[in-house]
Amino acid sequence: MEIGFLGLGIMGKAMSMNLIKKGFKVTVWNRTLSRCDELVEMGASVGETPAAVVKKCKITIAMVSDPAAALSVVFDKDGVLEEISSGKGYVDMSTVDPETSSKISEAITSKGGSFVEAPVSGSKQPAEAALLVILAAGDKIGNGARMKLVVNMIMGSMMNAFSEGIVLADRSGLNPSDLLDVLDLGAIATPMFKGKGPNMIKSNFSPAFPLKHQQKDMRLALALGDENAVSMPIAAAANEAFKKARSMGLGDLDFSAVHEVVKQHKD
Amino acid sequence: MEIGFLGLGIMGKAMSMNLIKKGFKVTVWNRTLSRCDELVEMGASVGETPAAVVKKCKITIAMVSDPAAALSVVFDKDGVLEEISSGKGYVDMSTVDPETSSKISEAITSKGGSFVEAPVSGSKQPAEAALLVILAAGDKIGNGARMKLVVNMIMGSMMNAFSEGIVLADRSGLNPSDLLDVLDLGAIATPMFKGKGPNMIKSNFSPAFPLKHQQKDMRLALALGDENAVSMPIAAAANEAFKKARSMGLGDLDFSAVHEVVKQHKD
Amino acid sequence: MEIGFLGLGIMGKAMSMNLIKKGFKVTVWNRTLSRCDELVEMGASVGETPAAVVKKCKITIAMVSDPAAALSVVFDKDGVLEEISSGKGYVDMSTVDPETSSKISEAITSKGGSFVEAPVSGSKQPAEAALLVILAAGDKIGNGARMKLVVNMIMGSMMNAFSEGIVLADRSGLNPSDLLDVLDLGAIATPMFKGKGPNMIKSNFSPAFPLKHQQKDMRLALALGDENAVSMPIAAAANEAFKKARSMGLGDLDFSAVHEVVKQHKD
Amino acid sequence: MEIGFLGLGIMGKAMSMNLIKKGFKVTVWNRTLSRCDELVEMGASVGETPAAVVKKCKITIAMVSDPAAALSVVFDKDGVLEEISSGKGYVDMSTVDPETSSKISEAITSKGGSFVEAPVSGSKQPAEAALLVILAAGDKIGNGARMKLVVNMIMGSMMNAFSEGIVLADRSGLNPSDLLDVLDLGAIATPMFKGKGPNMIKSNFSPAFPLKHQQKDMRLALALGDENAVSMPIAAAANEAFKKARSMGLGDLDFSAVHEVVKQHKD
């Protein structure tokens, strides 16, 4: 069975490669078509447009960067909607807000197609290692998106707390590497601290999950909280730190680059 | 070798029991002496005062609740200082601020005694299971205390972020238990979320690490940041949430009881 | 000249009454028409629909509660758009976001009408006393709305700071009334503290500017900041306090009712 | 009657000059004695030490920078305590915490002297214009200090809110000067916004009330809140912004220099 794959960013590239490695035939499309080359070398075909991919494949997966892009690949000219039909499935694995998911779902199903909302939890490394957690919502469209926002909100607040801890350790005369060792032994050990910590100490912020996307998820999670009258002071403070990082030009780095804001000082 | 143990709260009781189980002879003391009974049944001796314990034992460990208590067992009448001397060691495993540690260290060493500052990371369960992480600072008195504060500060902020996530999930129509499952699979899985989450959902806050102690550690960590001009907005917001919990009468419950403040609402 | 007035809430009622007192002929409309009765007694005419009002009047003013209502009176069936035309003016004095203002402006001007965006700064009392500050943006549609959001954002943060001060004074053994006296003599004396303070101390929160509207303005101001990468931690913390107040069922009281959240405690 | 005056910083200089202008004979002392020269030209005498000033004067006023300095002029060698006695009065107008006030009060009264705690609300300009608000606590020692902390806490939070508003206005395309005009007409008009606003827009932060002192007062106010279990999230967020400003080397500028932190961004 041929599988279509729309979007070859950090995540999409790793995910489509894994499909090929597992033996699936894959047809890929990306806005900048040259990003398809590496996949082609591994055996993928290329579709010229999202519509062309859907026409060819029974199941098409999308993994694009934000709600605007998710809507664009579906609704624009040469988009998914032009070829989706009964018997064809469309799986959107992008992180979007529940409203975007609902719009796409309605459009796909009104044409007879099947829709699954399946955002993933995890970034570059888990994607490459085929270890992503997939939050498929089935009939409860919007729940996968909501769950993703809640998880990323907690993650964004934790990243800020972690960064504050590293800076406090450093400025009070402790070795930040010792802090990482201590954290790894205790009740708040987590793969994120272990994975990101050493790079943060070295000011290495090559992007696994870009800061501007993390901040977007904080904003969407806070908006979800606003709708439901949930007060979230920690998430709000973390969001403002990510906004400060954006204003400092760090939006395209990894979201751990908020560390640059936290540690900023003058001697 | 006889080991002295001062302070039989949640932590001290579990730790001294483990010493007995490992075959050490232990002499215990507690401000309220009746708390020694359970240890006596397991084979411990009782010292009438801290001084009496130090007189009898080559090494005495203290595990008391706060800086004031840590100073009191050393400096008050019938305190550690009256009997400490060359050849005797004193290990303070309480969580205190660096200044308190330094005062105690100077007093002990001026009498010829040896002092080790060794706060622990972990609460009731790890204490009972002999799985505490011990932050022994050796010559760098104050560093163990500092490290402990940094770790607990991160932990307190994480607890708030976690609680906000549970409430956001619940109020936006997700099942909070599903959130726990999703978290446990991903990059921010941590023993604390796994251990505390199910109890928080059931509003079970029996104290492993009392909220008032967590808030004290947040306060001390923020003070350490103030000294070193480290701005920590997440920790500050978390501290205010813990203070709100204290003002609501939740100080003696587990620190996860901050969840009661976060979820508070009227329909 | 006949002036139309759409929306007779707290603000609109006071404003249309002032127009009548100044000798203008006024035709009013309100979603719940019975709210027009008091104005009719003072000499106003009633329009059955927004369209009917615009048909009759050269200039029509709208003062409704939120962006959704502002759009509704213009675009819905029997709305302003059906009768607006060259030679007629439409003045929207509601507090809305810049996008809403732009949409309305485009629709009105495409029909040949003139549009002025003119949100007001001030609540019930200044409205009744004809002392509102009008932020008319002229050609720069959206700027009046933006200015209003900035002012209300500062006001919302100040209200929280003020409330925290009253509670801190009270709980540390000072007389909150003395605080009001001291504030009134110094560099941060402001009509708001003088006007709202005594009522807050008496827990009197009858609505001049409803809390849910203040929180909406905080949210819109934060969204404006997000667009422009402006980090605003104080506004964010204040917004979360207002959200907590909403979740406690205080949304319809005056925005000073956030004081109930700040002072909440158990002895 | 001869009046003694200890401490000739920004505030003390202006205050002692006003005493001379009003016809009082004044004997001044300052740690760096050369700062006395300007006062001597106006007719003041100089005391070599605090003790010498107290010996000569029936009433001695102190206006020093922080609790440590307030304790030092009283308790150190050649300090106030050496010469205070029955029939002599000591008025401390410095901003200190309640504990410091109590210590000084006890020491002075145990020697038979009279003590008045009288911190002032106001900075350079009101001091020069003889318009300071004096918070004299009379018998309730500590209350003046507490009131001062509450007022300064509100002021510090307001300054942050104001700064956020100016930056938001500027980045969303409004003229910050227009914002100042609008604020000055409405319910949140205040001398501070009017006085500081134009300088902030011009990045002029010459110190009337140094930022490091404002941050110290925020810290002391938060500590007072901690003692009394008062949760103050706005003050806590403002305090962290002031700490960030300190870490950026802005501690000696006016407290409005927190504006530099708020507006910091990269294009």
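General observations
Letters are used for the chains, namely A, B, C and D, taken in the order the chains are written, and counting of residues starts over at 1 for each.
By our rule, a contact is a pair of C-beta atoms (placed from the backbone, for glycine too) under 8 Å apart; a residue touches a chain by one contact, two chains touch by 3 or more.
Keep in mind the model is a prediction, meaning the values are calculated, not measured.
Listed by label, the chains touching chain C and chain D alike are A, B. Interface comparison, A-C against A-B: more C-beta pairs in contact at A-B. Of all the chains, the one whose CA centre sits at the greatest distance from that of chain C is B. At the interface between chain B and chain D, over half of the residue numbers involved are used by both copies, so each side presents largely the same positions.
Distance between chain B and chain C, defined via averaged C-alpha coordinates, is recorded as 50 Å. Measuring from the averaged C-alpha position of chain A to that of chain C gives a distance of 39 Å.
Chain A and chain B have Cα centroids separated by 37 Å. Annotation for chain B: residues 225, 229-233, 236-237, 240-241, 244, 247, 265 touch two or more other chains. Only residues 121-123, 126, 133, 135, 143, 146-147, 150-151, 153-155, 157-158, 160-162, 164-165, 167-169, 171-174, 178-179, 182-183, 185-192, 195, 221, 224-225, 227-238, 240-241, 262, 265 of chain B touch chain A when the two sit together in their complex. If you check the complex, the residues on chain A that touch chain C are 219, 225-226, 229-233, 236-237, 239-241, 243-244, 246-247.
Chain D contributes residues 233, 237, 244, 247-249, 264-267 to its touches with chain A in the complex.
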